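For reference, chains read A, B, C, D, E and F in written order, and residue numbers begin at 1 within each chain.
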């Protein structure tokens, strides 16, 4: 169960409105790697977690914190839209210069009346498909690591797209928390291993005897880039400790596919004989 | 530039048609974590890679291999649909029992005439938003690790949903390659670090002096789960080697947000005085 | 800022797993009118609210409560999936009968490993486009009324689709809260009017003098249904108190549209003379 | 069955092309609350209406009228694109200034060759999910009220974003019809009540005895906003006439959720003992 | 401007309800190639047509007819849902057998209360992206041909999925109109050519002198399928009358791409020297 | 199976960066009619083709070639983004003028760090729904014709939106191949007919005796445009050689639809008697 208090987790106050930056800041609110995604992803992983205890509790803690980040960014965007800028190409009453007319998101004014919404920096709606909660914590914690990396990357880029100190302060807070959260997930991955809950390859519990040994440590070269095998992914010990990497040029081991004719009731293109028979029957029926 | 040969990378031949499994197998073809995603994700990462050499070459190699996986799964689904099963609830001519009528994907017959398509197991279309190529290899390789884990997890689950040995063989091949590819990305992450190209926190080049030290190693407890701080993410040395984790109960450090009234031309709900003035003026205009 | 406690707002415990009902219950979690929508819609309306005080505070209260509903339904679906039912058409080890194989959502097992997700009952992802926060509380509170009506309608229907007393109890709780929330929004609409903040037509502040009087109370009959004017929307006093409704058969008051030829650089189909000239010039260029 | 005449319902002629405004005007054509939505929503509600007579006939009348609005806005956008403006950043032949280059929708030229399409002001396609026809007229008429409010709000905002008198005239017509249609749906709601077809709470026919009385009139305070209970939604008589509103601080009445371990064939993270057993068995299988 | 009459263009009455077929019939209502698409596509092509006269008038005629098809299919689906079938797995009161429980679309009951909606046979919403109106009639009429072919194919397949004579009669009507409409668009293509408005290649007005002659009639073999050049697309006269087809094995004519390092403010992975410099500077800043 | 070589099929090198054009060029990469669509559409048609031989082999050849086009356009966009232009409205360090700030796609910098992605010119993700592989080659080849026409139209338009000779050269290559591919598909249609595999109406094998003769050659006039019947689609011989076109004013041949009351458990709006009974019973239950 959730409760809310009005004060924000961290200060979110711009020095001045900036509708063009408001549009850009939507990316880390409602984009694929924005705060909506991590908040809901961690919460769904926590709710669905079938292992009681520290992992489940930790997921609920961080998911709830991320909700507070959604709130801060929304509040910031609202203030960046405090005056919506030029409403028209020749508007002289707007708080910002007419050049912003082209740079702003038209839905911020027409649809939201000067407010944020769960869409990305191009106005594409956030999608529930951005959330992954697979039931396997090892797989999901690796996703969470990259989510915090992609997120930190995006706010680091945004840091250079504004000179507003108020905005920069909030970005600095977000950069800091993304730093912490990268370390949190990396540590949680170590903990999962130490607890014997999973390991490489994930899922560890799938019987390795079902694998084809010929392909389990082989880097397959399907492009002519000469340096593709120069990394440690193509020779030396593989991370599962079961042997050394190999490499091989890609090769066809399978059949040339040939499909059976389709059910005539589907009217696909079939070999001539069948088709002719079908059309003949159709024409006979007309006589 | 690409070239193609008709023989498949690995055998893809089911023992018998199974339209219900064909529906399920779509998940690893056109779902968020399916082969369409990894093929295109690795190719876009490779094409966009601004660092010439082994990483770029390796990305092109594996992206091209994954295209061959798309082909194998498509070919397999086509054969699972060789006879589309019952066409109607009371169909007695279908190759499989009427119970399949409810379990199959209706678009497999109505739209595709017995063929695969880039949609997931519920028929939702594959989306370009599934692809991430951030320009930062460290962030993206962590995504690639989880992609191979989510992928291996899904085919491992599908392994138990069929008794068809032909299908199981292809799944075993996919499980094996996902095993290899997990190791490949983990090794590439190590290589990036060894080459000094990036490190934790990602991106390493963003000046740490901009971060707020109070928050950079603090696990924030925003839920009442008592065990949330029992993992190595809340105490002991943090992975960036700059100090120990801390923990703290979540606290509000920011303002209670209060927004300025909106531009009257947006007709939002503003404080009474302004609203009244606006309505009064509108009514005056009517006299 | 949000905080979370592990205990749920209301009991969410089914008597037994039921994967087919789990699929259906997704509708009120991740469908257009599900709990994800109302939670986030009320929160965005609250965050964006430019009028400090009771309306903003109320929005934050109910938005936060709805988050707890998201949590309860997610938890319920997880338990309905405690045993995922038949994994395959001929599975004899599943907890439920094989007929469920066709009725369940394949992503519940393949993707989520037995967990809920922010998608609807057909597996289509929740969309940020479902949230509306227009900045005008009168318009939005009317949306909130219908959201609670659509929501209550859906859970009332689901009530008859299960005999599980645990599930029915949670549904009864949701039905009750939707009842309360319908009344809450209807009361808030009255309060907005009493406070003089807006009225019919919304937005009241737009100058009525700009309207065309001929069309402002006229029901226009564009279909031949004889009873279309038998309701109080076509005669008698109109709700804005400015006169009586009228009705009229639909009539064309505008021009027959004729568009100018397009820019030749766009290669659209233009009147012959222009097209010929363009093709002539192209052919000349080849000589 | 539909018929069409070429003359428009109302004049739709701009004084001059304006590609940037054409982009914005798309919102009320193909946005969530645009004319595509109301036209198709009313038609689907009418077609699906299981009560013959005035409501069904009225829905068909207004749905058909809204189709004519789709046509007028499309025609207007086409003319706003009569000259597509600057085709390139340095184009000196375009009818409008180069600054429009950034403000226009690139698909208007590249894809449509100077024509409108069913997308919103950011180019996101219209979605069938925008249409709701629940089968319950009371719930749907409340949606229709807000649709006309959101629509009138958006065109009222657009009114201030152009100085073109031709465009303003069409907007004035739309504002007027949205005024009328708000009143139409509010009157239809009254009629439904007077006819005894439904009432608050919707659906009235669901047995109230199934509700939990403790929660049916209680405003639950889940945020610390002190004024949240200052409205008539938290005290005084509730609109269903069955008693007074109450208020209470949010409280947990449910269990702390604990989920059963998952099916081992799904390879989720389960309690250690089970996981170990599974991995052990897998490893044994390899010996 | 549109008008509507209640009588349908053709009879739409099933012999009996059939919720499972109702789900399937949604494909030709709200699928990519369904009646929603053709109705709106032809109307948008007509509205946007910049050439007054027969083509524009014809587009409006057929677009309007297709709206009446949308209406008929909606009406048919409504009746197929007259009794929603089993509401639950163990329902004994439903009009149809329990096996339909799995085959029906859950939203038909939960969301629509027994009504049709603009979604496909898997419940995925119709998208405005399905409509193309390019401004070039030659390109669009070829799309319209395939739309009628895809449509006729789908209803022909559905014809075999039901034994209900009422449903079959409506399908027969649709099959017939799709036959007519295929011929209509093929004739319109001939007319466009005869009128000199466009020709192969489309758009004819683009100066051919800008093309690379080496590639303008060459079939490029990028796969090893030996029979790929056995058709008239690889030898003999090409349809534009400018020469014979040729064929060639695919060959690389371009550079090996090498990209410049990215802007350091974007924190992408750049060559080591630059990266090191950047990290060094960041570390210096911390001293 | 696929293989890749690093050299491109054709040179893809701009003279200078141009982020605004990079945004526009995305349309022919990730838009509905872009290279992603044709590459994957031809491959899926080839994979699913149930007729072995020349058609299947040809599809694989052209699908593979189109993959190489995806690669070239991606590479071109990357270079157009070599310097991302102004990062902020007042940035003086960017390579291009500040006016580009509004014209560029913010995700190119924030999300991709200066790289292309599978989205259209407005940033809307590519969709798997863009691919059609119906199983019927005649229907699909007509789609392929229009795909090449829409594609050539779009690149022809883009040709006029840039003065960069490097970009223009790639566009000229694409225009040329689209010319060739239009001819390829038109020839393949002729070949299908010559081979007796299908004909007008598609699918030819559906028994014409099931059609209603009254409607099979009749142009139906549902709009008042006087010239709608002036084309060869309304009189003279029809392309199927079975008679002459006719025309007729649209007429209603069907019933006025009246639907049965819905299942009371769905709480739709039903005739009064049934509704009253239901509410009465609900109220009785409360006594």
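Annotations for the structure displayed:
As a convention for this text, a residue touches a chain if its C-beta (ideal position, glycine included) is under 8 Å from a C-beta of that chain, and two chains touch if they have at least 3 such contacts.
If you're wondering where the values come from, they're calculated on a predicted model, not measured in any experiment.
Looking at A-D and A-B, the interface holding more C-beta pairs in contact is that of A-B.
Each chain gets a centre from the mean of its Cα atoms; for chain C and chain F, those two points are 28 Å apart.
Distance between chain centres (mean CA atoms), chain C to chain D: 6 Å.
Within chain D, contacts with two or more other chains are made by residues 1-9, 32-33, 47-48, 50, 55, 57, 60-61, 63-64, 68, 75, 78, 87, 99, 101-103, 109, 111, 113-114, 122-125, 127, 129, 132, 134-136, 138, 153, 156-157, 160, 203, 206, 208, 222-223, 225, 250, 252, 254, 257, 259-260, 262, 265-268. Taken as a graph of touching chains, this assembly is fully connected, with contact between every pair of chains. Taken in their complex, chain C has these residues touching chain E: 18, 20-21, 23-24, 27, 31-33, 99-103, 120-124, 153-154, 157-158, 160-163, 222-225, 250, 252, 254, 257-262, 264, 266-272, 275-276, 278-279, 281-283, 285-286. For chain C in complex with chain D, the touching residues are 5-13, 32-33, 53-58, 60-65, 68, 72, 75, 78-79, 82-84, 87, 109, 113-114, 124, 127, 129-130, 132, 134, 136, 138-140, 142-143, 145-146, 149-150, 152-153, 156, 159, 172-173, 175-180, 182-188, 190-191, 194, 200-203, 206, 208, 210-212, 215-223, 225-234, 238-240, 245, 250-257, 259-260, 262-263, 265-268. Across the interface of their complex, chain F is touched by residues 1-6, 47-52, 55, 87-90, 98-99, 101-103, 105-107, 109-111, 113, 122-125, 134-138, 192, 195-198, 203-209 of chain D. Residues 153, 156-157, 160, 265-267 of chain D touch chain B in their complex. Those residues of chain F whose C-beta lies close enough to touch chain B in the complex are 1-9, 30, 36, 40, 43-44, 47-48, 50, 57, 60-61, 63-64, 67-68, 71, 74-75, 78, 111-119, 125-129, 131-136.
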